[in-house]
Amino acid sequence: MEVLLAIMIGVLYAAGIYLMLRRSLVKLIIGVILLGNGANLLIFLLGRITKGSPPIIPEESSTFLEAYTDPLPQALILTAIVISFGLQAFAIILVKRVFKVVKTNDIDEMNTTDAGS
Amino acid sequence: MLAAVLTGFLLSIFLVFAGKYFKGKLAVLSALVPLGLFLYFLSFINRVSSGEIITQSVEWVPALGLNLDFTLDGLSLLFTLLITGIGFLVFAYTAAYLKGHEYLDRFYGYLGMFMGAMLGLVLSDNLLSMFLFWELTSISSFFLIGFNNSSEASRKSAVLALAVTGSGGFLLLAGALLLGNVAGTYSISEMVALGDMIAQSESYILIVVLLFGAAFTKSAQFPFHFWLPGAMKAPTPVSTYLHSATMVKAGIYLLLRFTPVLGSTEFWNTTLIIVGGITMFYAAVHTLFRTDLKGVLAYSTISVLGLLVFLIGLGTQYALVAAGVYIVVHALYKATLFLITGIIDHETGTRDVTALSGLRKVMMPVAIAGLLAAISSAGIPPTVGFLGKELVYEATLGMADWAVVLTVLAIATNILVLYAGFVAGIKPFTGKLPEKFEKVHMPSYLMWLPPVILAVLGLLIGIYPAVIEAPLIKPLVDSVGLEGQAVHLKLWHGFNFVLGLSALTLAGGFLLYFLWKPSEKKENAISKLDFIAPKSLLLGFSAGFRSFSSMWTNFLQNGLLRNYVTTIVLFLVVLVGYSLFSGENAFHINTESLSEMTFYEVVIMGVMFMAVAFVVVARSRLGAVVGMGIVGYAICLLFVIYSAPDLAMTQFSIDTLTVILFVLVLSGLPKYIAKSNLITRIRDAGVSIGLGVLVSLIALAVINEPVNKEVSDFYAENAYILAKGKNVVNVILVDFRGTDTLMEIAVLTIAALGVYSLLKLRLDKDENIEKEN
Amino acid sequence: MTLDNFLYYIILPVLALSTLLVFIRFIIGPTISDRIVALDLLITTGIGVIAVYSILSGQPTFLDIGLIFGLIGFLGTVAYSSYLEKRKKK
Amino acid sequence: MMDIIIVVLASFGAFFILLGAVGILRMPDTYLRMAVTTKAATLGVGLILIAAAFYFDDVATTTRVLAIIIFILLTAPVGAHLMGRASYIAGNKLWEKSVSDDLEGKYKASRNFSIAPEKPGKSEDIIENEDYDKN
Amino acid sequence: MMQQLVMYPLLFQLFLSIGLIFLWKKISWQKWISAVGSVINLGISVWLFIHIWENGTQGIQAGNWEAPFGITFVADALSASLVLLTSIAGLAVSVFSAGSLMSARLKFGFYPVFHFLLLGLCGAFLTGDIFNLYVWFEIIIICSFVLLTLGGEKAQLEGAMKYFTLNFLASVVFLTAIAVLYGLTGSLNMADLAVKVAEIENRSLVQVNALLFLVGFGIKAAVFPLFFWLPASYHTPPSAVSAIFGGLLTKVGVYALIRVFTLIFEVDPFIQNVILGIAFLTLFSGAVGALVQNNVMKVFSYLVISHIGYMIAGLGMMTEVALTGAIFYLFHDIVVKTNLFMVSGIIHRVKGTSDMKKLGGFYGKYPLLSLLFAIPLFSLVGIPPLSGFWPKLSLISAGFDLENYWIIAGILLASFLTLIVIVKLWAAVFWKTGEKLPEQRNFPYFDNLKNFQKTQLIAPIVFLSFVTLYIGFGAENIHSLSVRISEELLNKQMYIDAVFNKS
Amino acid sequence: MKNRFLANLLLTIIWIAVTGNFQTANVVFGFILSFFLLWVITRGSGQGRYFKMVPKVISFFFFFLFELIKANLQVAYEVATPKLNMKPGIVALPLDVKSDFGITLLANLITLTPGTLSLDVSEDRKFLFVHSMYIYDKQDFINGIKNGFEKRIIDISE
Amino acid sequence: MKTLILRTASNYMLPLLLVFSVFILLRGHYLPGGGFVGGLIAAIAFVLHAFANGLENTKGLLRIRPGVLMPIGLGLAFLSGLAPVLAVDEPFMTGLWWPDHVPVVGNLGSALFFDIGVYLVVIGVTLTIIFSISESD
């Protein structure tokens, strides 16, 4: 199963980068989001995955009686998801403003700030 | 000695703040500083000539080996006296020359800084501190050359001069560090004892090349000489002081200083002879084609610098004595000629040799000084110049193999130098006074007295060479590592072959002076060869480099975001991919250790894969957003299946929020475009897939590695017992790793503030808002 | 056949099949509304999957996710429909 | 006994979900797809959830299940209404065999409807032409 | 308890930032609080620095969970010094902003975000946890986005798009690297990782992981060929923002590289070659980039890149001498680059342009200011004995020790090109008479400012120039500090002990 | 009315939360307690109708359940059989129910019943536009709803 | 959107969702949930209300500007971390626990206040973002 997930992660990375390489602002943002998802899943996978055993201590017990999933990657991903959301929200608004101000959707046309000398 | 060095700097700092009060009549008082220093150094003359070496050591940055270790020996004493002595006259001269100039205070400030740097340079026993002062001379020279900063030519010359001498400075730095590395010390006096060891080390050649680079650029040796004529854009006192008498001799000083350390090899000598020889002859020929007095003097200075390098290259006692004498001689007569040129320029408004004549009628004392200096430069007895020339011929003749060639070269050079001296020192004063110059009058005594003093001094030393022999020249030769006593300076050597050569030189020189008339036509004629001149080549190279830089920069920073992303991803894929595939224990994937695959997982993955594909190829942006929703939702299901309920909840909420954001702004967003052509898309797909494959492979390789769950086991065991929570993920978030979470909500807050500001603050909408930047 | 096996071999495959069918509708569209409706149905189906999965793994906790799904999925629908209207209004 | 209840509930639940899935695939227009899916899936999910409640057989789970069902019952029809309305406004056409359209022209003509599209019902709108590539 | 001191800079900055949000739109309050707060923060940083200098590396466990289970904060000499420098630069920019930014920007959250940025920087320097480092990086990124776009002018927005995309990419690479690291070790505590990574058998994967970090941090540090975001964006915001960016942002990347490659990973020959190659090309590309620019801010932007090369070169050589040079350069560069961007702000104020072709006449009109500006400019070049000179001694020496002549050539070439760039800039901006430009409406020309505002602009430059002069003339102290830091870096046991001993 | 019910529910949830006890007894007790409390505090304020309504609501619930299952089977037949026999269309349904709550409830119940879908309420609240799969006779269809759902809703809500 | 159905439904859902969000917040320490998801649900409740009733109505309902919740929440989270530093000289974020078991939330400790801080920040952030976008058109 891990193999499939690993491939899926690769697909997310690839799709994310591919969309970031397009010339449309909206595609760029979508690519960014896919890429972020890929990274989160990678943490998830590499923290090792287990089925059906959430890291929640049973009601009557003060510690785990059975196998449990590593909770740490989950906490990390939560943090990463939320942070990425903050950045992406900002970026989406940025795209909106860029489009309004620069008046183009074509990223290739946004080359005035660093062209040559 | 530290105090002496600092005096110059203090003067310039003082002038920064009190300059405006010192601009007027008080300016001349600043000449007291070099005068005082001159007298101070003069007071050492007995001790030094008796073989004593005076040292002073002040720790500065001992950890880096840079200390202010000052040593006063014969070599440095001679230089300090030149620096302060000529400095004194130049300071005084300037008071009149730039009288009433708006920025006179700055000028003195730079001069003071330069003097301090130069003194530091010649007094340093520590190689690094020597480099430090070396750089400071370059910088002060930069400011002085560019003093007339409204003139573009001035600015360009200043930059060019600094470019050349600065590059030499970096070579010196490298050389110094390498030498220090090899010798284990930065103390030059300690290195003398290690000379053999250094000469045998692997790095010897490199060290010498680096030091030569520094010396040749600073002392304007071919092919780095071209900055010096340009530097003549500076006011004449600067040309006098820096670009003939002192700073350009720093390279010579460096070579002399390191002769006892590095000068024992053939490489050293041969290189110096060749470079010096070419320089002296090449520059001397150039004097023939100059009509600007300063141009003539600049090339003749280069020629003499070449001669000095040549002499150091010869390396014999005679040669070094000759070098010592020539340093003095040249300083005296060349300073005189420059100062005279300054006077002429100042009073007549021109420096054109072809236009000047008969000025003796209006400025006799200056004419006399000119005559004396010309005679000295010509080496006519009884001037010290004669003495110097004699020694040169003695030296060249002493070289067994190359005697003839070198002597001929020396004679030819001397003939041309004689010519140059006459053109500058005699020609303007002889002949008929043109009408336009009839109203020209004598300048202030502050201006004419210094050249007269120098010229007379030259004459006196020639007549009584003993004045400099024991006190200056011998200690100098001693400190270069040879027995200074062996050579005895005297004006008259009797009738011998050398005298004959001198006579030949004089005859040739006179002939040339009377037959060859400088003219603009000739100047233009030679300028046709400029395209192969080192300066043109360098400027050409620099223009080429600039266009290359432009190309390189525009190639990298081409403004296309997707090229940036491509570059970065490719770099990552190639680098990491190479490492992954070249590693010894290349990854092996053992699927047995992995969990079993179930159909529902396959379905979820399949849906997710299709959804990703849909997002990628979607032709409508809303479609893509909805597709993204499916991807996120499939991820949620994966999180559920793999036991991460908190993650599933959060992921789903965030995805929905993202969708809402998109939906809210989508109407303001641009339509989808697909402007890339097929080839671009294939290329992009290649890059992307490369990254995807790489990440997948890394992931597979990592999950085959053994796991260490020490940390998460601690969380699991203690979440309830110590942190009183049963949802371990939440306990990690608010307790074990609460700091992360605190910062995470800070990120959210900042993002929200940013969004608010981005939407509400629109500077370009309101033209009336003051723009700050 | 145990309950677990029944759920695993009968119910889950049916739900998986449903998911695929709905997904096909998502892919073929043809209008954006169809896609959104499909997404909505996928989420609803997902709640079913989660419920079955929570039985299979004996973790009632997972049911809470179903709650969140139902709640928030609705908001997504609201947003989409609002967009569709807004866009038309222009 | 409990197992049988669970099996029955789950089976019906799965069946209704499948029904919705087939429905959404088969139905000829957006409105019909919506009509089929909202209820079938709601019912199906509700049944499966109830099965889960029986399985765990404690109040905590039962409350949760009820809460979910209430939420779904509350949100599903509202969502369907919104999507249906939006589809209509967006100009999605009815199946050609439809017998009645009392809403026709309402969004355009009546100012009672605040959302009055300027150019409604153009056929290309169905496929969101404004978003599409030019080339 | 003195151990708490390690976190005081963070706690205080966070307190300040939150407090400033409460004062939203009360800009005169914000100005004063920011300035006074920055002074207090400087005091705390000095206190921390002295404490660390006297007592050695200190660690504190946030949440009181013993390492490696909680998040550890560690102050060693490097961290404490960088926190101190951040506080110095922060104080300068805080005052400079008060004078230079228009009130519209200040009303929309400049100060809170600015202090969050400082918080992020200090947090990144102090944390001893690799994931926590990621979080601090994100704080820095989001703050820089906001500051970069504040005002929403066209150039700002265009630059911000590139800045966002590439920095997000960097975060993803960083996160990928963390994932691999966690997958291999199960730990996040850097001291713990130092031990655990060394025990991993599959060195090939360790190298892969190290390279991922190299690329992720390399983008942040703006090295070749990953620097594109920098020239695209640094010149677009107001100079106060560029100042804190130019001074500190890339340096965090450098810091992170130094940290992970001394503590967690080793620089094996392959990685060494990669790093040195990157260093050479960074030095070169930045310098030639600066050479062809005509905009003062762009010139400085490229110089930021070029000079990162020195530090990367020091890191790549990985000897004590080399690291000493890299650390020294880091300190020098923070102060000087911050100062230079403020200088460029004043230059812009004088004539309303940053175009070197149009600028001029500075030297005639403002001789004392010119002299003041000469200090950072020539320190940057490394004219001895100014601050930029000293670290090059160590770096070149280290190059000779390793007989790596390429890197020496790179260092010398970059130094030379910097010299040319700066003297040309000097000639163009200060010497040349310059064009007479049409007067812009509503532009607050420098001459028209009130004296108080002029003081707000100039005082920070004077302050930083003094610091620069101290670094130059007091090089002995800075050098011995750098030596101590590089010793500490090369002897990771000290760090590990500080984290695990519950002293 | 609706507020009463919500308040009751709310108080129950709060009770459960406060006690931290999900056991059936506790939930039931919480519901009864809050019901009683509400009754006490609203006695005599004319809102007592709610408490007579409870049985009506329960019977309505079962009516709806029945309709739901019935309609589902109808749709199941439609979907599962190869031919499409429907006569779909949009019908304007005149409304008697007046309150927001009533209209919404009616619309939602119509939607929840398979085969029909409430599209919109006219701005003047006089018509509910319903999309249905089977419109053999428009008036029959309208009457069916009016006599079924609408009547019961008016009963309990107004 | 002017739809009666949505408006009515959202009016019922608002209190329900708010109660639910508090519920999710409080139980986070024991079961899935917590300040983040809780805050999102609360925010979503208001967003839903805004979709149905218009932004002005929702703002009127809220009475305070949602932006204020951000520094308040952040400050609360910060203070709950700072409390051990100020009170007992323990490191930042050290958990402080009320000695007795408290009803509703179980163990009462600084972690709960921290989570409440998260909750408030999330509400503030989400609403600030969404409201500013809606206003900007």
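Order as written gives the chain letters A, B, C, D, E, F and G; numbering starts at 1 within each chain.
Criterion: contacts are C-beta pairs under 8 Å (C-beta built on N, C-alpha and C of every residue); 3 or more make two chains touch, one makes a residue touch a chain.
Treat the numbers as computed from the prediction; the structure is a model and nothing was measured.
Engineer: So, comparing each chain's Cα centre against the centre of all protein Cα atoms, which one is closest?
Structural biologist: E
Engineer: Going by C-alpha centroids, which chain is farthest from chain D? Tell me that one.
Structural biologist: B
Engineer: Determine the centre-to-centre distance between chain A and chain F, using the mean Cα coordinates as centres, and give it in whole Å.
Structural biologist: One centre to the other, that is 41 Å.
Engineer: Hey, how far is the Cα centre of chain D from the one of chain E, in Å?
Structural biologist: That gives a centre separation of 55 Å.
Engineer: Counting only Cα atoms for the centres, state how far chain B is from chain G in Å.
Structural biologist: A distance of 62 Å separates the two centres.
Engineer: Roughly how far is chain F from chain G, going centre to centre by Cα mean, in whole Å?
Structural biologist: Each chain's C-alpha centroid was found; their separation is 31 Å.
Engineer: Considering chain B alone, which of its residues make contact with at least two other chains?
Structural biologist: As it turns out, chain B has residues touching two or more other chains at 550, 553, 557, 559, 561, 565, 569, 620-623, 641, 643, 645-646, 649-650, 653-654, 656-657, 660-661, 664-665, 667-668, 671-675, 695, 702-703, 707, 709, 711-712, 715, 726-727, 729, 733, 735-741, 744-756, 758-760, 764.
Engineer: Residues of chain E touching 2+ other chains?
Structural biologist: Correct list: 14, 21, 62-63, 70-71, 131, 135, 138, 142, 145-146, 149, 152-154, 161-162, 165, 169, 176, 180, 183, 186, 188, 228, 231-232, 292.
Engineer: Mind pulling the chain F residues that touch 2 or more other chains?
Structural biologist: 107-108, 118, 120, 123
Engineer: What residues of chain F sit close enough to touch chain D in their complex?
Structural biologist: Where chain F meets chain D, its residues are 16, 22-24, 26-27, 68-69, 71-72, 75-76, 79-80, 84, 86-92, 107-120, 122-124, 127, 129, 131-133, 135, 138.
Engineer: Using the touch rule from the top, collect the residues of chain C that touch chain A in their complex.
Structural biologist: 53, 56-59, 61-62
Engineer: For the complex, which residues does chain E have touching chain G?
Structural biologist: Contact set of chain E toward chain G: 1, 3-4, 7, 11, 14-15, 18, 21-22, 24, 60-64, 70-71.
Engineer: For chain A, which residues are in contact with chain C within the complex?
Structural biologist: 51-54, 56
Engineer: Could you please specify the touching residues of chain A with respect to chain G in the complex?
Structural biologist: Its residues touching chain G are 54, 56, 78, 82, 86, 89, 93.
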